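My structure is below; once you've seen it, I'll send some questions.
Chain lettering (A, B, C, D, E, F, G and H) follows the sequence in which the chains are written, and residue indices restart at 1 in each chain.
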Amino acid sequence: DFAKIDHHRHLRTGFPEVIWGPGKTPDQIAQIMTVMAGRSPVVMATRIESIVAEQLQAQVPHLIYYPMARICALQTGEIERQGIGVISIITAGTADLPVAEEAAITAQLCGFSVQRLWDVGVAGIHRLLSHRELIGQADVLIVVAGMEGALPSVVAGMANCPVIAVPTSVGYGVSFGGVAPLLTMLNSCATGIGVVNIDNGFGAAILAGKILRTAQKIMNYEL
Amino acid sequence: DFAKIDHHRHLRTGFPEVIWGPGKTPDQIAQIMTVMAGRSPVVMATRIESIVAEQLQAQVPHLIYYPMARICALQTGEIERQGIGVISIITAGTADLPVAEEAAITAQLCGFSVQRLWDVGVAGIHRLLSHRELIGQADVLIVVAGMEGALPSVVAGMANCPVIAVPTSVGYGVSFGGVAPLLTMLNSCATGIGVVNIDNGFGAAILAGKILRTAQKIMNYEL
Amino acid sequence: DFAKIDHHRHLRTGFPEVIWGPGKTPDQIAQIMTVMAGRSPVVMATRIESIVAEQLQAQVPHLIYYPMARICALQTGEIERQGIGVISIITAGTADLPVAEEAAITAQLCGFSVQRLWDVGVAGIHRLLSHRELIGQADVLIVVAGMEGALPSVVAGMANCPVIAVPTSVGYGVSFGGVAPLLTMLNSCATGIGVVNIDNGFGAAILAGKILRTAQKIMNYEL
Amino acid sequence: DFAKIDHHRHLRTGFPEVIWGPGKTPDQIAQIMTVMAGRSPVVMATRIESIVAEQLQAQVPHLIYYPMARICALQTGEIERQGIGVISIITAGTADLPVAEEAAITAQLCGFSVQRLWDVGVAGIHRLLSHRELIGQADVLIVVAGMEGALPSVVAGMANCPVIAVPTSVGYGVSFGGVAPLLTMLNSCATGIGVVNIDNGFGAAILAGKILRTAQKIMNYEL
Amino acid sequence: DFAKIDHHRHLRTGFPEVIWGPGKTPDQIAQIMTVMAGRSPVVMATRIESIVAEQLQAQVPHLIYYPMARICALQTGEIERQGIGVISIITAGTADLPVAEEAAITAQLCGFSVQRLWDVGVAGIHRLLSHRELIGQADVLIVVAGMEGALPSVVAGMANCPVIAVPTSVGYGVSFGGVAPLLTMLNSCATGIGVVNIDNGFGAAILAGKILRTAQKIMNYEL
Amino acid sequence: DFAKIDHHRHLRTGFPEVIWGPGKTPDQIAQIMTVMAGRSPVVMATRIESIVAEQLQAQVPHLIYYPMARICALQTGEIERQGIGVISIITAGTADLPVAEEAAITAQLCGFSVQRLWDVGVAGIHRLLSHRELIGQADVLIVVAGMEGALPSVVAGMANCPVIAVPTSVGYGVSFGGVAPLLTMLNSCATGIGVVNIDNGFGAAILAGKILRTAQKIMNYEL
Amino acid sequence: DFAKIDHHRHLRTGFPEVIWGPGKTPDQIAQIMTVMAGRSPVVMATRIESIVAEQLQAQVPHLIYYPMARICALQTGEIERQGIGVISIITAGTADLPVAEEAAITAQLCGFSVQRLWDVGVAGIHRLLSHRELIGQADVLIVVAGMEGALPSVVAGMANCPVIAVPTSVGYGVSFGGVAPLLTMLNSCATGIGVVNIDNGFGAAILAGKILRTAQKIMNYEL
Amino acid sequence: DFAKIDHHRHLRTGFPEVIWGPGKTPDQIAQIMTVMAGRSPVVMATRIESIVAEQLQAQVPHLIYYPMARICALQTGEIERQGIGVISIITAGTADLPVAEEAAITAQLCGFSVQRLWDVGVAGIHRLLSHRELIGQADVLIVVAGMEGALPSVVAGMANCPVIAVPTSVGYGVSFGGVAPLLTMLNSCATGIGVVNIDNGFGAAILAGKILRTAQKIMNYEL
């Protein structure tokens, strides 16, 4: 009653409803998971702190916790392989890893292949340039950066695929909890960048997944 | 000397450099256009007011002006058809048209097919629901909205393709020149939305184009 | 002396003064409650954390605590039934419940009938549309939403009664603790929406109550 | 095609769609008015500057312009009297009149009775207190104020009816174009206040009208 | 060495340097107090939490702590009576007391007479009006208010003396930790109001003291 | 009817109501001036652009215009000398003169003596130090500064009288139209500073006048 | 009298006072220039629009106007060569030229050598990389960028000299008139960057000049 | 793998990569330190709380912790003396010490000489003036200030060397965690100031070091 699960979301959008953890009691999360478990091969909850994960694992058998990504998942069936290409995820620094892993684990649990490239921020541009080929050949890129968030601008100038930019709350002072990199990404003079909310690795993964799925859908027009 | 044209951008990113009009003198724009004309089948400049367009047309022969989209284009060759699917563009209101047309004309000049659906904002939800099929079958959606900018949230809940959300500066008071719809779009509880800068119809079109082109690229893996 | 209770507020405005908990010591709250108890059939304090509630219950006999709503109430007489119609309260998500319950309990303690509808946010619009009748027939609606706060816009387009919009601090990143849904609600292109402060379920309930009471008052003109 | 008129809005919400002028060309406004004229006894457009009004009057016969309220109206039938009570409108200063008149004319064109009380701001509180009776007996109050916007707080403490607060952009420096009075109104420690966007006299009138109409609707339950 | 005490401040400005507690270690505060003790009849430190106060009292004999005002004071001589008139301090609510007491204790320790009037906010304007005489006859007024901060506007319209307005961080949502009442006070349409930083009871007291001292100074011109 | 003149303001607060020009038509201003003229020896209107002043002078005989201060005044009687001391006004730069003159002319028209010191900003501190005596002996100081607004901090550290700080909109970039100097003044680590709204020379003058008048009032206690 | 020229600034800081044009009448500027002319080999005024420049040239003989830089200069003696190295100035785009030229002309008029490199923004990183040597060998760099302002981060990662970053107001939407690139530059994860106000080419040039002069000063310690 | 250390940074920029502590686990920091230790005579990590420092010291032998500066350093070789001149560091207050010490220790560990001057804020300007000579003769100045941050303006008016301004988060209310002093410093009417992020003592030290190193580099041109 406190939750109306959107069971048709998978049909409409190609992805199941995912539980957003904050503001829900562990009991509420556990109940929603249990109800959803029968309907979907994977049930996920995001933004789960480790202490909450332990409470959930006590109530929900077989629940897996990904601590870096802060995701809980209940896998009741085989995860079907989705899309053809690969989702490449890049971070500017080491401190951006939790957000990047939220994206990576979400994508993997939804059936997509993921490629990781960590800590190649613009202050040492050679680190990025030495992966020029990877970037030039990517199918879809998720670029995760905090502080000044300049990485997506440089990457989008080197890539011919869509770039999803994820600002993170990594930084201090006038980074304003991620507002500064968000503005950088929205104002980018490189084109073809779609931006998501601060720290929203989850949303970036779903968008990347939809891009790969659209590709498959369009292919069928041809064949 | 005042401009270093990025002639290889087309090779790297699949799209040519496009001239951003504001802050350049008409003379500078005309010179850049002339230099680029020999290299690319279409040379575009965006954010051109009609009075500037007239000055440009006096200097650059065969220049076409799209007044609603505020785009000048010099077409020196045949525009090659790009991608397979269609870019569907939706607006919440009539006042959002200039931004939507910037997206539409950009996409068309880059070789993509475009479908337009104007004035279906959420205050009369039946207007949107009567196009449920169009939305459900779209390949990629650009959703343009000012004021509270709620349209992309509702559309993304009905679509299985990527949604590009474009906030516009249409509104008054606490719309803050488009900041309010921008925040709405970034905070959307519907997933799979990539957001661009306020009034950035151009950027939305390039991103949509890259999404369709990625589809084509991935197809080649299969074949 | 530290508090000048406004005993005539009920006479002037139709509602008693209600104690706002934050920034008061438990002792101060208990003293004010005791003084007010003799004068009003119900004495309420809002924003009371459970630990404070326990301290209050130790000092004030018969005090009831509503944990979800974070309200303490001392009921010394029969609550008189107010108004004729019903206050309908809707939330976008599960995490908005505490604010919605603050509204619901306040309304009930003031003598109004309440109808609850939880978790029908716009990302799955069918959840809302399946309650189209309830919304079309409502007397007054309180709509509670965090994140992008788009729900009141859609609801107000379906209802012919006044809509009171309550933004919540549910969200992260650029939800800015509820500022984003607040802006959404103030900029709504649907009309007939009155907005209250972030998380202010209490104020929404009083406004809804005043709307129903006005109805009664006007009736007397006719009769 | 550039506009999808919401002809059923009157049925759903009790009020017709009203044309928001800014961002539309005079031609677009005139076309929409002409299409709507056959369907509704009154067709209104708001935020029309006098120079645009003249262009419209040249195209649309019998169009009336209210310069203080900046409203154009085409009255093709008798305006039916709505509601039973009266909408009382109060301003803090003389400079708030355009917003207050937008509310007053909107309400009158929708069939409601209006009572006006101008320039009774809180810096000379006796001006307000001398209308204590009017405020105490009002059915619904619209309170319009710029600068610090303190008037609704004081009025709501004296009234037992709903108060709709309209912040105006009157002021300078840190009034931030109306943000300061908006914050004042949202933070009011007086209760029962619903706030609308800055300068939104139109929205305040529709909300006030819905409140009076709800009263009528509820009355029918009794009878 | 970590602190250069401004021993001449009393000579230049009429008030001794006062220690601002936050960001200093208890050791640093104790050392500064000890050095200053020989030079000034009263040594004060503000913003001292009770736990820090205990540590200070362990090191500095005879140190007095005022918990509501969060002030520590070391009184080594007789406090000389300053000024002729009285500083009247008014609060809007009970939760504003800590800030008001910071002002009151500061003023008293500097030798001024203080009059207190608590909890007379504008939502029940009769509470204020019943002290009309006190306000009309005051020498200088300090008005302390959080939430919407409307009290100084009303008070300044009733008083002929200078009004010092102190916004407090009491409130929630869009009170933004005191920014909303600050804006209200700066935008006041009543005149003769000087505003200080949020929660700055200390600064308000010094300004009020300077006003009374100036009065005395000017008197000497006459005599 | 559009204006309720507060004829008793002089009695209550010691100063007459002054007309704020913006948002009023010249006709409205002229009418209010004419009505007030019989009641008060001086009638003032502030923020009057020269073009409006000419229209007013055509309607209101004997009206004087102070172009630098943008004040119109109608002097129908002798201006009574107020207070005993002098109001000293200091600016940081030449561009701050309009605001400083608004303060100076207001004060003079209200009967106070004024001393002017222009262009002594902190970037060349010797300019200020060479007036150390003037500052040390002042009765009340109005300090006007734009850009970073540091002047009041330095002045308040040298003076023993109250300092009224007026931020101006002089500056560019992150001066944000005067917000930066406003913040500087509110955060000042020098004490005894009361701040008014950006560019509010008028309000500063009234506050300074009230401070000098308080001196006179207190003197009577002694005598 | 309206201006206290700081004749010793050259002695104290090594640079003469420079006239900031905005907010001064052409008469005031001309008077200040004339007074200063006898004292300094070069007298400069910044932010002079061409129409003002013409008025100044009519009053001040031999005045030179630099239209791109918006600087007026009166050269009455030989400009002495300052420093040893060179100030290198880089822009991200063509629209940043006015700010870059303000820096370049200021530096040249103060006696420094300048090297210009325009339009090498990060969206086409090869444009920058092809000047790797120039950057690696620079003595001091001024980097001018609007929109997302990422260029200084990349440049500072390639240079071993101090970098002065100048954000410009070039951009739209959430560039917020230059706030976005300002934040980018302040948050840079590359180190050794000093930031100046938005569009402040003048200030950047003075800082660069001071850096080169310091070098000379230190050299004398050695010799 | 989680970190790509930029081993060539020293070659390119003259300074080694420094580890930014926040957002990294102690294990990650310890691993990075160990890897870097063989390559650089000093390995530093900044923003290390004392509790983290203890964990690091348990894993990394010979690690030194500077508690006031919150820096951990591993010195494996002799620190080579850099530059010729001295970096002078000034603070406005005692609470600014942690930031100033971050600058001082960073500079010393990089081989530079440092001179410290604490607590000479502008509220007692004589404290600053008594060090006029030190300031006039400095090679490069780092000025650290919170609250209103006025100190760099005054210092830059007295110095002929570059000034690096560091705003701190010391303050309350509208200091907004250091935004207010940041704005002050960026808007300074004194010239030759480069600003860094709030609390960024580290960045200020590197910039100061680069300035002194540039001096040395330029000297070689001469010799």
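Basically, contacts are C-beta pairs under 8 Å (C-beta built on N, C-alpha and C of every residue); 3 or more make two chains touch, one makes a residue touch a chain.
Everything numeric here is computed off the predicted structure, so don't read it as measured data.
Residue-number overlap of contact pairs with B-G passes half for only one option from F-G, A-B or A-G: F-G. Should one ask which of D-F and A-B has more C-beta pairs in contact, the pair is A-B.
Put simply, the C-alpha centre of subunit E and that of subunit F have 25 angstrom between them. Chain geometry summary: the mean Cα position of subunit E and that of subunit G are 45 Å apart. We define each chain's centre as the mean of its Cα atoms; on that basis subunit C and subunit G are separated by 57 Å.
Within subunit F, residues 9, 12, 20, 93, 123-124, 156-158, 173-175, 179, 182, 186-187, 189, 191, 197 each touch two or more of the remaining chains. Those residues of subunit G that touch subunit F in the complex are listed here as 1-4, 6, 8-9, 12, 17, 20, 22-24, 28, 47, 169, 177-179, 182, 197-200.
Those residues of subunit C that touch subunit B in the complex are listed here as 92-93, 121-125, 129, 147-150, 153-154, 156-158, 171, 173-176, 179-181, 183-191. Residue ranges of subunit G in contact with subunit B, taken from their complex: 93-97, 118-120, 123-124, 126-127, 170, 172-175. By the touch rule above, subunit F contacts subunit E in their complex via residues 9, 12-15, 18, 20, 83-85, 136, 139-140, 156-162, 164, 182, 186-187, 189, 191-197, 202-203, 206-207, 209-219, 221-222.
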